[in-house]
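Below: the structure, in structure tokens.
Order of writing sets the chain letters: A, B, C, D and E. Residues in each chain are counted from 1.
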């Protein structure tokens, strides 16, 4: 955790900040979703409160705060109240495990009449060696909040939506985790940092024992694993219960799915969980397939040197370097989030049987084929 | 062993005692509960206790070896297989009697 | 990485963050119940399970298709098979380089064959059809 | 590539083919089933070639051995699952997978109209897997597993068309007859284990290496060798256990080619060659082998002369040729036996497949009296059959000449040989030439004896023709791997006897001087070839030039003809003298001993156990938690015992 | 207390507490949720033993798959609080608890008495990171335990087929024809 009070404080604050990053993204994303959908459907969308309707969500949040919370009569109180809190946990825990930028190396400095440091702060909540497996494990716990909400509400539509959601989530989790096997094979590590580091430089690959370099392209995972990336991305839609896979909350059939009985801020907590899930998915997609926080063709040292020349103080430069890389990641994440939103308002919803057969009979076999082809390709390419 | 020492230095015996405790609780569940599904869950608890032993021995063995961890994989697979089949059986019982009391399995004898 | 931190270094933050999240959620749930209006009279209609305004019938027994449970069973089995591939996957490149790639490929190949046989059987037996 | 990997592919490819076809056994898609099966065997063949390649070269190992895991460890017996390819099994594995591939390919065409092609191919692949176990197994027990496995597959495939009662019975007969042999084989294994304390070939051979040659009949090695030979007799259809093989022709013809001509029936020969260092120490056992072999060679050949079923003729021919191989083993010419095994696999598989092609063309007609003149309808089949015919009757330079001649020469010249054995061999060869020519004449030459308007024989499809052509080529040139020294010396470049050189380190040779000279060898060679040629000419004159003569001769020698036509009444003899007495004896035993003593005894025991059971039954309530309770009480007591609980408690409280 | 021992005691308390709920709660749904909690805590214990990959698998397989199955089945059955959650019988109950107590006590005593003699309680400092450790695990699984590994694959295949077959059974053995 840290050697002294400063480091411990910073680390705890850092975790909470990343969690807040997830929370504050929700109003922005909801606004974006509403404005974006209006844009796509040729409407205006919320535009009264504040410039471009930006304050709308703040107003909504205040309204949520003052709504009457109640539980349906036959509901199971502990489960009903715990479910929205549980919805927060997977997203926040997972987001904190992803490196969002380069580590910050702080030289010794003086504060409160005392020398502090040197420190190395990771730009992530905690570094877990088996990062990928940890995130898979944590996000597989997301099913519980759905099931708890469904059961705790004691409403048959909630329960049906919950069970549907759980079945769908686990079905697509298979394709998702199988799609990652390809990436693991290519990089041979479970650590995010090593995966990001491996994606530096120009595109380099081995074929039949010879090395080829394509200078014009960055060395991103998408070029090794195009099919894997596609399956991963599609599966995250289902994992996050987003359209076209939002069967758990199919209004036409199930009222509003597992959170039918929720209102006010507890409903908002579910949304925070869902958007958190999207952010994690986008960050993972960027990390595995699009170079993570790295800037194509520019090494972190070069960025650091650039900032050292601009500002004085090594610590400031280090912080600015990290922020630059973080922005580089945020650009990608924002792009993927927009794709999430765009897809929601473009594609129609699947029928449940189509959804399940897509997951089991199409994506799972393709993901498996991806693994087999990757294995044989790597073997042929690197065999000596 | 002084209490302070036992609190400060967590060692192999701590894990083993935890495992024994968990195993015993699981056994109690198997023996005392009436619901088949809860009995199955208690069995999972016992298997987990065993897994803790495996991993702990793997960690504390003088020749750092991973065999214990490999065993955990197999135990987990067996446990999952057992849960799958056990629940399938429980479902069959439930369809027949609308209850999952272990007593109903007595009807299965010849 | 030459120095490896003890397990507690990365586990304790996880625990702390979980505590923070639980506290945050609890504060919100309790807070809204304090801020929001109290339910004065026993409003029966409000407390009934919401079914689009139609009075609930048959509230006790929710029939859920056995298919969901079958899906969960199959999920467990395939999930384990996939998890078994993870160590293999990260080891594979090293194995190719030290010359045992063909062996590893064969070892996993047999496993994948079993996987495929299982999947094909499930598809053929219509266990994965939802109608 | 690594040997472990190659062996795994070699063995598992047919097994996987079996599993795939077995799982889709209802499918009637013969093309897919056949392709899977053929592909599996072809992969196996390629793997075999790759492994055998490791044996070539100056400093190549003498054998490639892999050990996968320990199969069992009981007392002193430790049996690993290990496989070996040495110079002997290399030959065998190439023949089995190579010829096997061709026969699988042939089967695709042959089984195209069948109801259950997937099942057929699954059995065929499973057979091949077991055969490979038999060949490659590094110890007798593994070999025995394969041995039993091929027996099972043979049974399944003979009775493949089980709706025909006779065919099902033929399968049963094969199975039961083989059991007798298997009992002998098992006794042999026990004897060897008792004697040497091991079942591994490698260890057996190194342990017997220094032992003296046994004299007399009752020595342990002689006993073991004789037991093993009983096993070989059953599997390789020797007198008196040959009766199943002609009946085994009830199965589909490619099966006859693969199992009952080329591979399985030669397992006995292979086993003896494998253990040649053991057998060589038991000259008396070898004499038995030689005499039985020679007798079978002549005996079966004479029966072959009068048979009218095309496959039966070939079946007796197979029995006779196997007799030749045992004759070779018996005189210590194990190399010659292996040589004849290989060439025989080529030409006999060829002839069986050719007969399959004929049967297929004639719409399941097998009686050669109703054939004739097929030459113009089936040109490819005829041409390839002619090659097989020349090869089997031993006309140089085709394959059969070299191998058969080497056997005859060794029978004459080996220290274990005898002029009588040589004479028997020559008579067998002459009979062979006679009945094979007869078969050719009646089937392909002369006038058609079937209604040409009703039956339209058609040439085989390519999938059937290709194996025929490949096997014909092999039958023609296969003999050059073992050119005798006397011939090699006059040829340009003096080619040596490659096969002899190849096998030299792996097999044993009898002690003692060989008698006979090069001149002698030339003379004997001339005699045997000319006798075979004369017999062939005689048959030609009998069946082509003057087709009436056979009937006249049959009328002139009615007794002999009846004897031969009814196969010396062996089946009848077995039935009357062995099976019937056994059955009636058993009945008598049942009526008296069983009912009066054994049943009484079992009733008493049964009542006792039932009484015990009904007492103990009260414990078995079906309540699983009670069972769990019993288990946990037992565990608790066990723990207390293991940790010496009472003692420790006493220590604790006592001070 | 050091951080390591603090971690252990927190996780151990969570595990044992959840396990107690599993065997004591009368509503099976709460049992299953408590068991899920126990599984997660056990994953934490694995992680504290530096078995990171096993911990991840524990999360994914047990907490994320097996327990979800349990919870879903319980929801499917729609079981209410059990009036009598525990089995009857004073005598057998006494025997059950007694035997369990003996087993638990004896195991604990055995551990207490013998660990000192097995090997020293201090583990070797971790020298490899999680990825390398996972690779070592792969080495074991695919070389030393290859046969068991493939057998597991076969077992899973059989279970998959068996589960589907079992779910198709309509009546029980008592179904009238």
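List of remarks:
As a working rule, a contact is a pair of C-beta atoms (placed from the backbone, for glycine too) under 8 Å apart; a residue touches a chain by one contact, two chains touch by 3 or more.
Owing to the predicted nature of the structure, the values given are computational and were not obtained by experimental measurement.
Within the contact network of the assembly, the step distance from chain C to chain D comes to 1. Listed by label, the chains that touch chain B and also chain D are C, E.
On a Cα centroid basis, the chain most remote from chain E in this structure is D.
Taking the mean Cα position of each chain as its centre, D sits at the greatest distance from chain C.
Looking at which of A-E and B-C shares more C-beta pairs in contact, the answer is the pair A-E.
Per-chain CA centroids place chain C at a distance of 17 Å from chain E. Chain centres here are Cα means. That of chain B falls 4 Å from that of chain E. Chain D and chain E, compared by their mean Cα positions, are separated by 54 Å.
In chain C, the residues that touch at least two other chains are 9, 12, 62, 64, 66, 68-69, 72-73, 75-80, 83-84, 86, 90-91, 94, 102, 108, 115, 117, 122. Each of residues 1, 128-129, 133, 159, 163, 166-167, 170, 173, 177, 189-190 in chain A touches at least two other chains.
Contact of a single residue of chain D with at least two other chains is seen at positions 625, 629, 632. Every pair of chains meeting the touch criterion is listed here: A-C, A-E, B-C, B-D, B-E, C-D, C-E, D-E.
Put simply, chain D touches chain B in their complex at residues 621-625, 628-629, 632. Residues 69, 625-626, 629, 632-633, 635-636, 639-640, 643, 645 of chain D are the ones touching chain E in the complex. Chain contact summary for the complex, chain D toward chain C: residues 1-2, 4-5, 8, 16, 23.
Of all residues in chain E, those touching chain C in their complex are 3-4, 6-7, 10, 44, 47-50, 52-53, 57, 60-61, 64-66, 68-69, 72-73, 75-76, 78, 125-129, 131, 134-135, 137-139, 141-142, 146, 149-150, 152-154, 156-157, 159-161, 163-164, 167. By the touch criterion given at the top, residues 7-18, 20-29, 31-35, 37-38, 40-42, 44-45, 48, 51-52, 55-56, 58-62, 64, 66-67, 69-70, 72-74, 76-81, 83-85, 87-96, 100, 102, 107-108 of chain B touch chain E in their complex.
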